[in-house]
Amino acid sequence: MASDEKKTKKSSGAEGSSVPKLPNGDSIRLGKEADGLRKGALGVGIVALAGAVVLGGGPYGKQFQHSYLTAYMWGLSIAVGAVWWVTVQHLFGARWSIVVRRVGELLAQLVVVMAVLALPLLIPIFVGNDVLYPWAEHHYFEHHAYIASKAPWFSPAFFAGRMVFYFGFWVLLAKYFLGQSRRQDTTSGDVALTKKLQSISAPGMILFAVSVTFCAIDFLMTLDPVWFSTIFGVYYFATCVLTFNSTLALSLMWLQSRGHLKSSVTAEHYHDIGKMMFAFTCFWTYIGFSQFMLIWYANIPEETHWFNDRFFGSWLNATYFLSVAHFFIPFFGMMSRWMKRNTGRLRFWALYILAICWFDMYWLVAPNLHKDGVALTAADFLAWIGIAGILVSSALTRARDVNLVPTGDPRLTKSLAFENI
Amino acid sequence: MSTASTNPFNSPLRGDNAFARITDNVSRIMEAPRPPLAWYIAMAFALGLLTLFGASLGYVVWEGIGAWGHIHPVAWGFPIVNFVFWVGIGHAGTLISAILFLLRQNWRTAINRFAEAMTIFAVICAAVFPGVHIGRPWLPYWMFPIPNQMGMWPQFRSPLEWDIFAVGTYATVSLLFWYMGMIPDFATFRDRATGTVRRLVYGMLAMGWRGSSRQWHRYERAYLLLAALATPLVLSVHSVVSFDFATSQLPGWHTTIFPPYFVAGAIFGGFAMVVVLAVPARQFFGLKRIITIKHLELMAKVILGTGMLVGYAYAMEMFVAWYSGAMFEQFAFLNRAFGNFSWAYWTMIFCNVMAPQVFWFKAMRTNVWVIWVVGIIVNVGMWFERFVIICTSLTRDFLPANWGAFIPSPVDYATLAGSFGLFFTLFLLFCRYLPMVAMAEVKAFIPEGHAHPDDHGHSHGAHGHSH
Amino acid sequence: MSDPTTSPQEAAPLHGILAEYENPTALVLASRKVRDAGFSRWDTYTPFPIHGIDKAMGIKMTILPWIVMCAALIGLGTAVWLQWWTNAVNYPWIISGKPFWSWPANVPIWFELTVLFSAFAALAGMLVLNNLPQPSHPLDLKERFARASDDRFFLLIQASDPKFDEAEIRQLLAETTPVFIEDVAEDRVTSDKIPRALIYVGVLAAFASLVPFAFFAKARNATTETGRFQLVWDMDFSPAYKPQETNPLFEDKRATRQTPVGTVAQGELRADDHLYLGKTKAGTFVSAMPKGLTVDADMMALGKAQFGIYCAPCHGLLGDGNGMVHKRAETLGGGWVPPSNLHQEYIRQMPAGQLFDTITNGVRNMPSYAAQIEPEERWAIILYVRALQKSQGASVADLSEADRAQLK
């Protein structure tokens, strides 16, 4: 491809340093201008988390742990969704997304900070504190003999091993994809690297499926050690795709507002990202409804009690709210082309979806603590803000001085010219 | 190579460009005075099986469904296994037509027409079974909300009733989609037709289509809308079929992952069947330049991918059976692997999980006959998957006093084999008389089909069709 | 100017001018020119949809998606109404304890009907908006046009266009370098009458389509004396023998078989006369409870419960014969012998075994309750009856010290 040889032109700025640009003149480097936001976000994040700790009864306080878990799983879904998305783009050899893939790769690095942020949840488990997980208490299965057969699953060593596997695998995969892609930047369209990444993505996808399933089970499903659902991993996965795509859209919009990627990322790309948001809203609904309806229909008490907790008192209102807000509104709202091709309107939906996915996590976690009814507390919101702030800060840190577009990808030109149906 | 055709309008000889070659390649299958010998052999075989089908169904209607191996506790045996098997096969066609269309995978144009045909015929085969296995097959209209002399209505709270609507909608929408796709190709057949009968028949089917761009605009919108409708539909249909089992309380049946698991399995089995049909079809109908090895390789990858999804579902069921601590659930899965039908279970594991693994190797997934054999193996495996789910779980449920044996009767086997007869007969008729490849769609996506109005002097590049 | 040798087609007015192109690019460029020239009644004809021609021709987005959306809403409404009305209003019946209107169970069909109606609307809408079926068109008479469905691309400007000027159009089209330009005449040879046969078929089909509705109406409104038409006799008239029927296979010709003489079924050996008959071996009525039964509070509670179920309707909860059946019978009038008041002296004096015999075999109007009440339960009832009798005939001397103190 003749036109792909000179991917970037270096233009010398006033300072004398060269800032990489694309042939269409777009800036593709995030410089110092993001530092203010980065530090601010980190500050807000830390303060908010501290506030959540204080209002939540201390690091081992019940409210804090539940609020933190809600926010944590929300944040993790963005990072894990990014890992999935990058893997899938390589697996299918997708071309439309090449322009935006680097941003996805950068968002995937958030798994590193999420691994660290898991500690406030993991430490109580290892010291046997059952503030969040009943089974963390050492003698739990002696008092609950009817589920004692699953005790080996919860042995600290096995649990730790699994955590190491999940986060280790995600971190390795995220770093690998970013690293190889950046290496490709220094070449002029090395196809061998693209092929290598594609062949890695297939086994990577298999391990991803296993890791996201069991991570969701370990963190969320075991809040109620009796309950089980084979589709639970898929349910969480749907959230991952939704939050990631929303975050991707917002990140791209923010970058464009700061003068980067102005003509590279077009309405076509936003349209496709919006289509994923729409499609996975439907997918989430399908999975959520299947899980609910099958358990409702068979009416077996060892399964229905989980839904019972969410169907009485004010929790019923929360459940209705979740179904309307997570399905009906985005379904009708995001159906049309018109809604998805405009950044202002898509920004609304991206923020909306991020918010409603947080509420989905809340609906999964909080009935464990507030058995009598919905109780949204300040700790819930502060934990959420805290995680969000830290994620923003971490993403900006990682994005510093990295090409925002995989300039070395042999099919970049096709992606720049992509037009939707 | 153009065929010298005589038509009442004496039009000039066909052109020798890429479009004409495609038209010719596909149309001559219908226009040839006689189909290839392989078609006759296959048709003889198919008609034989179809006769067997008719005979065994007739026998069952006459004698009662005790002619099958049904016996307590396996009150649902081969017929439901066959039903789920055939409905599953149909799904690949819709996936290729609709979902790959939405994903802009233009390689689908070579195979989408006969994949959709396969869907229609598979759904017809599937629909026979609920109609026949209801014990009083002269009363199937009770399944529909038709006013009747008892003033009764169907029981809408039953998954079996949802099945009626789901499979009915699926058959209808697939038929509409398939027919609509063929309208421009019927127009091509009509314009090339020599005999009056052919001109009339294809002319009526084409509805007077002349390829006006204003009409194409609405046509394309309708196509997009139908594809967008068919995508969730196909997911819903096999999910509703899975609800037949998952809404029960039987261990091995009642598990929340059934809907996506069944859908993945359906796509898996369906693609295998597409491959089983595509390899001989391209060989004997001379379509190798249209259905290329690249297409087959992509299909092999899809088979591998969906096979892994099915494997994931097996693993999740196993894990949660252990994790749940529920004695009956745990027994159900141990029994599957080591109990009375363990041979069926391991056949399933071998066929579904192990056999597709050969597709990790490029040499394997670019070898036409390896692909074909693996396709057959996967079909066998998917039939066994339904058999394992249905019959094993029924023979060993909660109370040992309720355990039983299941021995399929010869009529069971005859009906199963015969259903293939119906499928292949319809398929072979389709190959002969209907446009086997979506000519208009293929033409739209070859390089010559793209307009480059702004290309004066620029090197080629941005015409925006991405994969 | 009618020349008698001119055929109707040769003298036909101009329908339009047709240009033929070899590739899509030429057609798109030509379309842009024609669009920019301001023509409105013109069209292009291609074997497949050309990407970009919509813009080149100025074709506006169709309203089809809105039609489909309306159909979807109608489909959804139909599905919701159908399942609600049939199962919750018109003929509700209990199925596995689920509510009559079980919305989770209705969702699948809501979805399916929405899709079904939408799909019909998409295809039908497309056909209607496209004016299909369109059996005839002047272009059908042009031989070269047959390649429009094969490998050539055409552009037609109709004579009815307000800006139509033959010379100008020929000039314009020539600039787009087509392969061929020709005139298209109106079609004066194809009849525009619908063939008779088709009309007959259509009318017949219209009437035939009413037949199913006629059947429905009949089914809902007519009654019949004769039985249903039987297609498969074995299903409706089962060959299996029914009780009381004759069965020629047996010597005694009975379908119902007796227990073989000299055998006792398991659990049917009623050896204990005291327990099962309330009599001694000699045949006199017993006065004590059978030895195997534990007389305790549980037995009393059982007796009370069973009394309330089986005896109280006639004898009343107090055992005074003033049960609901008696009250009802009295209002109906017409010769009714009241149920016995269990507190009468002769019943108080009756041995327990005789009470047992009464329950087992009935007496006067009272039927046998042997089928409904197990022997052990009958003894429990007798225990309770004794307690009732005591309660209605107690004296102060029967009370305990504490209770007596309370009376004071």
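Quick notes
Going in written order, the chains are labelled A, B and C, and every chain counts its residues from 1.
Following the convention adopted for this analysis, a contact is a pair of C-beta atoms (placed from the backbone, for glycine too) under 8 Å apart; a residue touches a chain by one contact, two chains touch by 3 or more.
Keep in mind that this is a model prediction, so the values were computed, not measured.
Of all chains displayed, B has the C-alpha centre closest to the centre of the whole protein C-alpha set. In this structure, the chain pairs A-C and B-C differ in their number of contacting C-beta pairs, and the larger number is found at B-C.
Centroid to centroid, with C-alpha atoms defining each point, subunit A and subunit B lie 35 Å apart. Per-chain Cα centroids separate subunit A from subunit C by 43 Å. Subunit C has its Cα centroid 28 Å from the Cα centroid of subunit B.
In subunit B, the residues touching two or more other chains are 232, 236, 239, 243, 463-464. For subunit C, the set of residues touching two or more other chains reads 96, 98, 105.
For subunit A, the set of residues touching two or more other chains reads 293, 297. Per the touch definition, subunit B reaches subunit A in the complex via residues 104, 224, 232, 235-236, 239, 243, 246-249, 254-260, 308, 312-313, 315-317, 320, 322-326, 360, 459, 461-464, 466-467. Chain contact summary for the complex, subunit C toward subunit A: residues 96-98, 104-105, 107. Within the complex, the subunit C residues that touch subunit B are 22-25, 27-29, 31-32, 43-54, 56-57, 59, 61-62, 64-65, 68, 82-83, 86-87, 90-91, 95-96, 98, 102, 105-106, 108-109, 111-113, 115-116, 118-120, 122-123, 125-127, 129-130, 132-137, 139, 143-152, 216, 219-220, 231-232, 234-235.
Remark: subunit A residues 1-3, 93-96, 146-150, 153, 202, 205-206, 209-210, 213, 228-234, 282, 286-287, 290-291, 293-295, 297-298, 300, 302, 413-419, 421 touch subunit B in the complex. If you check the complex, the residues on subunit A that touch subunit C are 289, 292-293, 296-297, 299.
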